[in-house]
Structures are given as structure tokens and as C-alpha cells.
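Take a look at the structures below.
Two complexes come next, and they have one chain in common, subunit A, joined by subunit B in the first and subunit C in the second.
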Partner chain A sequence: MVMAFAHWVHVDYLYFASYTILQFIVLATAWNILGGYCGYVNFGSAAFFAMGAYSSVFMHKFYPLPIPLLIVIGAAVSGIAGLGMGYLTLRLRGSFFAIATLALAVVLQTLVVNWDFVGGSRGAYIIRPETLEFAGYEINYIEYLFFLMLSLAVLALITARTIERAQLGFGFATIRDDEMAAEASGVPTLRVKLIATTISGAFMGMAGAPFPYYIGYLQPSSAFGLEYAVNSIAMPMIGGTTSWIGPLVGAILLGSAQQYATVTISSAVNLLIVGLMLVGFVIIAPNGIVGLVQERLRAWRRP
Partner chain B sequence: MTANALLHIDNISKRFGGFVALDGIELQVMPGERLGLIGPNGSGKSTLVNCICGTLQNETGSVRFDGHKLDGLAAHQRTHRGVARSFQLPRPFHSMNLLDNLRVPLLYTVHARMGPLRSTGDLDARCLELLEMVGLAAKAKQMPRDLTQVEMRKLELARAVAAEPKLLIADEAMAGLSHSEIDDILKLLMRLNERGITVIMIEHIMSAVMSFSQRLAVLVSGKKVADGLPQDVVRDPEVVRAYLGQ
Partner chain C sequence: MDISWDLLLNAIAAGLLLGAFYAAVTAGVSISFGMLDIVNIAHPAFVILGSYIAYFFNINFGVDPILISILAMPVFFLLGSAVYQVYYLSFEKRGQESLRGLAFFFGLLFVTEVTLILVFGVDYRYVEAAYIGPSIHIGIVDLPLRMLVPCLAALALFTGLQLFVTRTFIGRAIMAVSQDQLALQLMAVDPIRIKRIAFGLSIATAAVAGALLIIIQPIEPSVGREYIGRVFAICVLGGLGSMPGTLIAAMLLGVVESLTATFYGPSWAPAVSFGFLLLTLAFRPAGLFGR
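Here is the complex of A and B:
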């Protein structure tokens, strides 16, 4: 009996922990589509994540829907928000753009804190069922959430990889390299950037949509948490920003390190770990792990 | 002459704050023509290029190209219409190899104009063909940072030509190059012109300008002070005083 209980806790914990890491894979990949491919640093990832989460809370109170539909809604809400943010801020470059995205996150958090229907500053409880009927099988709800997030991570990675090899990927790279030269080559830079903010925002919203069901109790401070903004930047930077593999590697590495630290030390050291790793990588491997490996391979092939 | 000009610049002015960089410029370029554009540093040549190409928007006046007004169009739309330029300071896409640098105008301009006609293989072949044209085929897989000064200028021109323009504006593509390198670029521009591309060459090197241009226009302090046959223009007293005599 005790053994069975221990086993149950263990397996459940693994699902919980893996869900978090998968969620970061989605966030990091989404951030990288704008930040890595196009070179526009978004400090407001938490806002897009929170918009996905809060659209689920809203629907939960208004008209409950299955989570896959909530993910679609979250994608639409955050995608449109991304498009809007693009229109408002994309004429800004560099640090001005980054500051504008940060401001957007602060404004949105203030709105949510004062919006009672979704719980305001008190937060909102989402009672999730223990299990779920699926095609005649009874499955654990956390397993269900895990598989949803796994599908999202796969979808995000496939999208990123497809973009990289397509015309759009070249368009993104020209924006990162030189917008004036891009325009002169015929790239409609504003439209291409808006596509990037929309896709990036939509995936962050997707990552956030199941979050209230995962956490059970959603507060503005947890949905808009600093860890989302920081991790979605740090993970691609550490993994490498020029290819879809970078955010994946970074999210797995940093995500696992943080999960491990949460269990063994405390959750408070998470951001410290991220900060230290980021500083370390900026110094040792400015192109991330993927860049480091590529360099080694090149050196090895060319004796 | 005016009616069938390829490029028709009508009374363009451009200010930067209180500074008048271009002051009522009138200029026409005929299809297939080779026009030299000269003037002292800071006379507004690059600013004029930027106004033609949409990098800057002129406050007054109008640019017509190939029978259509370009005013208000973004730079990429003008590229789609057939205006291409090289930048005075080369601006390669530094994270892409040379092949991919040329792929961008093919994907975004040539395709936009005629629909996605080419397969990936055709695209690669066309990029390589363009690199061969400027003598950079051997460096197709290298990055722009591996290039010398003259190679960078050639890449800049190849990328402009990749967009299959009707008008090519080369903004000081020869500055700082050796004699043989200048000849290389001159020959290249001549060959492009023979293929029917109208060329505006902005240059300081007078021997190159004189051997290339069928017509010469001179800018001084944002004003056009002369426009005509090269041998006449260089004898024009005002040009000599303002520019050549200094």
C-alpha cells in the first residue's frame, strides 16, 4: 500500500515536472521566433502566457470548454495581442522595443488585477477533475495535461523548423541582419515582423491556456511571473537562437536544473540559477550550446 | 524625351531638420541609359538614391518610374517595381552565406513579381549564376565577413541585380578600390547595361565616370547644377568652380 502510494507520487511528480519543462519548450520556441529569428527581444512573454491562461479562466466561468478548444482560444487571444503589439511597437528598434514589451506586460497585469470576473488580485480557483474519460479509458488528469503540452511542444518545434527552411525564415533572418537591406531586396519587413509577433504570441498563449487547470489556482502574480519572462529569454540564449534546436536544448537543460533545484533546495534559487547560467553562457558561448557544437564540428571537419 | 523616360524625378526636396539636403531636384533617365551622377561629399547623392528607392520619403516633389508614381510606396514595393540599388557602405546579410544573400531578392522580389516559378534547384542554380557573373562562385558557401572589400562590393551589386531590376543605382561601388578592381566593376556595370538594365552610377573616380557615362548630372549642396554630355559638363564653369576645381 505504502509502496503503491510512493510509486503514485513519484509518477505523478514526473508528469508535473515534465509538464513544466514542456511548457518552457513551447515558450522558449515561441520567444525565439521573434527574438532569435528576427532579433526583436520581447520582455513581455509573461503577458502573452498570462493572456492564454486568463482566457481559459474567463471561459471556465463563462462557458466551460474542453482544454484543446481553450488552447485554440488562447492562441487566438495572444496571437491577436501579438499582432497589436507589433503594430504599436515594431517601429521601435533594439532596447526601445524591449522596454515597450515590458510596459505592455505591466499594463496587462494591472488590468487583470482589477478585473473581478477572472478573480482580480485574489485569483481564481479552477477545480479540475481527478480523471478524464477518453475513448472509453479512464486517464489521470495530469497525464492528460502532460500529453496536451507534449503535443504543443511538438507542434511548436515543427512550426519553428518549418519556418527556418521556408521563405519566411529567410525573411526573418534578413530582419535580424539588416532591415534596410531587407527592404531593398524586396522583403516587406513590417508584414514579416507582424507575422513573427503573431506566431510568437499565439504559441505563448497556447502554452498558457492549460495552465489554470495545471495549477488549480491562478493568481495574477503566478501567471505574470517573472520566471516566464526570464526563462523564455534565457533558454533560447543558452541553447542558441539561430535554430529550432537551441530553445529545445536550453529549455530541457534550464528547466530540469530548475526542477531539480526546486526539489532539493528551494524554488527561490530558480532565478538565481538562470541568472548565473545566462551570465556564464554569454561569456563562454555567446551563440549558445548549438553555436558551440557547430563551431567544434566545423573545426573538427577542417583540420 | 520626358514622356518616355524610365525614371522621372520632379522637383524633389528633402530636409533633415533645418538642413536642406535636396532642393528641387529635376532629373530624367531614359530606358537603357547610363547616367553618371557626381558631386562633392555631402551634396545629397545618397539622399537622392534613398528618395528614389523609398528608404527616405521626400517631403515635396514626385518620383515616377516606368509610368507609375512611386510616391508613398515602401522601399520593398519599389524594389518589386524594378528599382534596385547598392548601398554606399555594403550591407550584406551577415548571418547568411553568399548564396543565401542572393536567395533573398529571388524569393521576395522575383517570386513576388512572377509567382513561385522556381524550384529549390532552380533557385540554387540562379544564385550560383549570379555569383559567377561577379566572379564569386568559388565563395558561394562562405560568409560575407570572409570577403575582401571589392568582393563585398560585388556581392552588393549581385544582390541588387538578383532582383532583376529595370534600373540599377550603384552608389559609389568603386570607392577605395584598386585600378584593376575598378575595371572589374566597370565591366560588370557595362555588361548589365548591355542586357538592358538602365544604370545610374554615382562615383568620385572621374576616369571611371567619364568612360562609363553617356550623360552626366552634377549635384552641389542639394541642387542640380549641370546635366548633359559628359565632355560638356566637365567644362561647365560652374561645375569646375564648385566641384572639379576644388
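Here is the complex of A and C:
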């Protein structure tokens, strides 16, 4: 019986840990669609993530729905927020968008703390069922959440890869390289940028929507946690921003390292390491791990 | 709603005092973002660092926080110059300031905050000085010295900066580099050196702003984040890089925040600056006094 218990704890922990890493893959990929492809920095990932999470809490109190529908709602809320933010700030200088997203997180947190319906500063409990009936089978709820997040991660990666190879991706790249030249050669830059902020925001909202069910008790400080903002920037930057592989590599490496480090050392030290790695990588290896590997390959192929 | 006059007057007075302090926090960003076009979002982190230095020397040696901050200014100046040198070599020179430069400052902000958490913990810290506690009364208006002293220090800092920028050679060169870097180069002045000095100066003001912050309120490492929105809202509203504009915008924000806190509750105050920022960006991106 002890053996069975140990086995059960072990497997459940594995699902819990993998869920977090998959969530970071979605966030990092979403950030990179705007940041890496277009060159516009979003510091408010935590705000978009929390919007998804809190729209789920709202629906849970208002009219409970299955999680896949909540994901759609979260995507809509965060996507519209992204569109609005973009519309107000993207016509101006690039840095204004970054500053506005930074301020957005603070203000949304103020809003949620003052909004008692979704729990206010005390937080909200979401009671998660142990198991779930699905097509006649009983499945473990944490496994269900894991598979949902896995499909989201796959969807995000496919979207990023498709964009990269489509006309839209080339439009993004022209904006990143020289926005003035892009505008002059007929790229509808504002529209293209707004598409990027909307897609990016929507994926962050999707990543946040199942979060209350995963964590069971949602507080403003956990939904707006600084680790989301910093990781969703650090992961693509460290992995490499030019292709969809970069955020994936960064999220798996940093995500699993942090899962390991939170168990062994304190979480503050762990965040310090992420911050130092971010600063180090942007200075020394501007193209991330993927860039380093590509350079190595090129040098190796050359006779 | 029945507005009571003494409450209103007190809120406005508190807002003006708070606004002068906000101006001191924004002064550095007015130089770095407004004049040099360097989006230093890590500025509030340097302010908090200044607060903790004031705290450390005040608690251990009993020195006055404002005096400590003035002594810390040269150290902060050197720190700022070093940060600019790294920023210039790694990003500005390669034309990568928009994405990687921003990520660099974000990383600095984050590393400073987490380091302060590791060293000092997340408990609120405060300083001790004779002027913390008593207040003077003018009619029905209370002016706590805890706010009045930082306000006067902030105004002194601001006047000093304005005189430096308009009256000295280096100050004028800083104004020039913000307008036309190439022309400055043709006048045989090294724009990079001027920018290094200017950025050092902007970080030096953070030392003073930090000491004023910890006089006004107890602080913990993440307080700095609340100031990012405020500082940039003031800077944009004041018309990027204009010192008098920054002061007026800061006073305006201080009064509106104080009124919001008095009549709607202090938990709403952080939202005000964001509203200011979005409205300014949407309707008047050049700021109130922009050209």
C-alpha cells in the first residue's frame, strides 16, 4: 500500500511539474510572436495571463462552464485587451507600448484587489473535482488539465511556426528590421502589429484560463506573479527569438531548471538566477541558444 | 456627495507635497528617457536601492537620510555611468536598443529587486529622523513635516538640475545631444561621453529620490514597481525631457491621486497614473507642454 501511495504521489507531482513547464511554453511562444517576430516588448505578460485566470474565476461564480470553453473566453478577453492596448500605443514610438504594458499589470492588479466578486485581495477558492467522467472513462483531473495544457502548447507552437512561414511572418519581420521601410514598401504596419498583439494576448489568456483549477486557490499576488512577466521574456531571449524553436528550448530548459531549483533551493534565489541569465544572455549571446547552435553548425560545415 | 472643505483642502495640500516628491523620482527618467531616449525602466529599482542605502546608514549609524543620499550621489553617478557604458557597447552601438536594451533594463530591475529581497527580506523598513512625526498647521490645513521636508528637498534638487541643464556647458551639451547628436559631434564634443555623464546624473538623482521615499513611507523591495507607471506617466505628460513640464505634471498627478485616495480609498490610487498615461498617449502624445 505504501508503494502504491509513493507511486501515486510521484506520478501526480510529475503531472503538476509538467503542467507548469507547458504553461511556460505557451507564454513564451505567445510573447515571442510579438516580441521576437515584430520587435515589440510586452512587459505585461502577467496581466494578460491573470486576465485569463480571472475570467475563469468570474465564470466559475457566475455560471460554471467546462474548461475548454473557459479557455476560449480567456483568449477572447486577453485578445481584446491586447488589441486595445495596441491600438492606443502602437501608433507612437515603440517604447510607449512597452511602458504601457508595464503599467497595465499594476492597474489590473489594483482592479482585481478591489473587485470583491472575484475574491478581492483575499483570493478565491475553486474546488476542483478529483476525477472527471469522459466518454464513459473516469480520468484523473490533474491528468485532464495536463492534456489540456499540452494541446494548448502544441497549438501555440503550430501557430508560431505557421506564422513564421506565411506572408504575415514576413510582414512581422519587416517591421522588426525597419518599420519605416516596411511602411514605405506597402506593408500595412499598424494592422500587422495589431494582429500580432491580439494573437499574443489571446494565447497568454488561454494559458491563464485553466490556472485557477490547477492551483485551487487564486490570489491576486499569485496570478500577477512577477515570475510570469520575467520568464515569458527570459525564456525566448535565452532560447532565441528568431524561430519557434527558441521559446520552446528556453521554456523547457529554464522551466525544468526552476522546477528542480524550487524544490532544492529557495524560490527567490531561483528568480535571481533567471534574472542574471537574462542580463547575461542579452549582452553576450543576443541570438540565444538557438543562435549559438546555428553558429557552431555553420562553422562546422565550413571546410 | 457632500464635500467637506477641510478634507478637500487637505487632500490638495497633501497632493502638492506628494507631487513634488514624484517630480524628484521622475527627474532622472526625464533625463534618461526624455533627453537621451534610453528607456530606463530600471530607474525605480535604483530609487529603491537609494532607499535601502539610506535605511542601512540611518539605522546603523544614525545619519540623516537626506545627508546620506547626498553623500551617495557620486557613487550612484559612477554606477550610472558604468550601466550606460555596458548599454552603449552591447545595444546602442549595435542598434539593438529597442528589444534587447529593454530586456536588459528589465533584467536589471528584476535582479535588483530580488537581491534586495534576499538581503533585507520582504518586511517593511523605515528610517528615523526628528522631522518624522510632527506637523505644522496653517489654518485648517495640516502639513506633516514627513511630507514637507521631502517636498522642499525635491524642489531644491529640481532647481539645481534645471540650473545645471540650462546654465553649464555640460548641461547645454546634454540638451544638444537630445536634439542633434551629429551636430554635437561636428562641434568636436564626444556625444557618448556627454550621454555617459547625463545617464550617471540621472541615476545620481535616484539616490536622493530613494531617501525621500523612505522618509515618506515605509518600503519593501517591490514598492518600486508601483513607481514605473507613475514615473513614465509624469514624464510623457510633462512633454519628454522638459524639466518645468515634469514638475507641473508631477504636481497634477499628485493632486489627482491624493483626491482619489481621499474620496475613493487608497487602494484605487495606483490606477490613476495609468489612466493618465493612457489618456495622454491617446489624445496628446507630445504631453501638456510638448512642442
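Everything below uses one rule, namely that the second predicted complex is superposed on the first by the 297 of 303 C-alpha atoms of A that agree within 3 Å, B and C clash if a C-alpha of one lies under 4 Å from a C-alpha of the other, contacts with A are read in each partner's own complex, and residues count from 1 in each chain.
Please note the rule applied: a residue touches a chain if its C-beta (ideal position, glycine included) is under 8 Å from a C-beta of that chain, and two chains touch if they have at least 3 such contacts.
Given the structure is predicted, the values throughout are model-derived calculations rather than measurements.
With both structures placed on the common chain, the touch criterion links A:20 to neither subunit B nor subunit C.
By the touch criterion stated above, A:43 is placed in contact with subunit C alone, subunit B being left untouched. Once chain A of one complex is fitted onto chain A of the other, the partner contacts of A:35 are limited to subunit C, with no touch recorded for subunit B. Judged by the touch definition given at the top, the superposed model places A:276 against subunit C, while subunit B stays out of reach. Contact with subunit B, but none with subunit C, is seen for A:173 once the two complexes are overlaid on the shared chain.
In the superposition on chain A, A:102 makes contact with subunit C only, not with subunit B.
Counting the residues of subunit A touched by each of subunit B and subunit C gives the higher count for C.
When both complexes are overlaid on chain A, the residue A:187 reaches subunit B alone and has no touch with subunit C.
Contact with subunit C, but none with subunit B, is seen for A:114 once the two complexes are overlaid on the shared chain. Judged by the document's definition of touching, subunit A residues 176 lie at the interface with subunit B and also at the interface with subunit C.
Taken in their complex, subunit C has these residues touching subunit A: 33, 39, 41, 86, 90-91, 94, 96, 98-100, 102-104, 106-108, 110-111, 113-115, 117-118, 222, 225-226, 228-229, 232-233, 236, 265, 267-268, 270-271, 273-275, 277-278, 281-282, 285.
Subunit B contributes residues 53-55, 74-77, 79-80, 84-85, 87, 91-96, 100, 103-105, 107-109, 111-112, 159-160, 162-163 to its touches with subunit A in the complex. Interface of subunit A with subunit C (complex): residues 35, 39, 41, 43, 88-89, 92, 94-96, 98-100, 102-104, 106-107, 110-111, 113-114, 176, 226, 230, 233-234, 237, 241, 268-269, 271-272, 274-276, 278-279, 282-283, 286.
On the subunit A side of its complex with subunit B, the touching residues are 167, 170-171, 173-174, 176-178, 180-190, 242.
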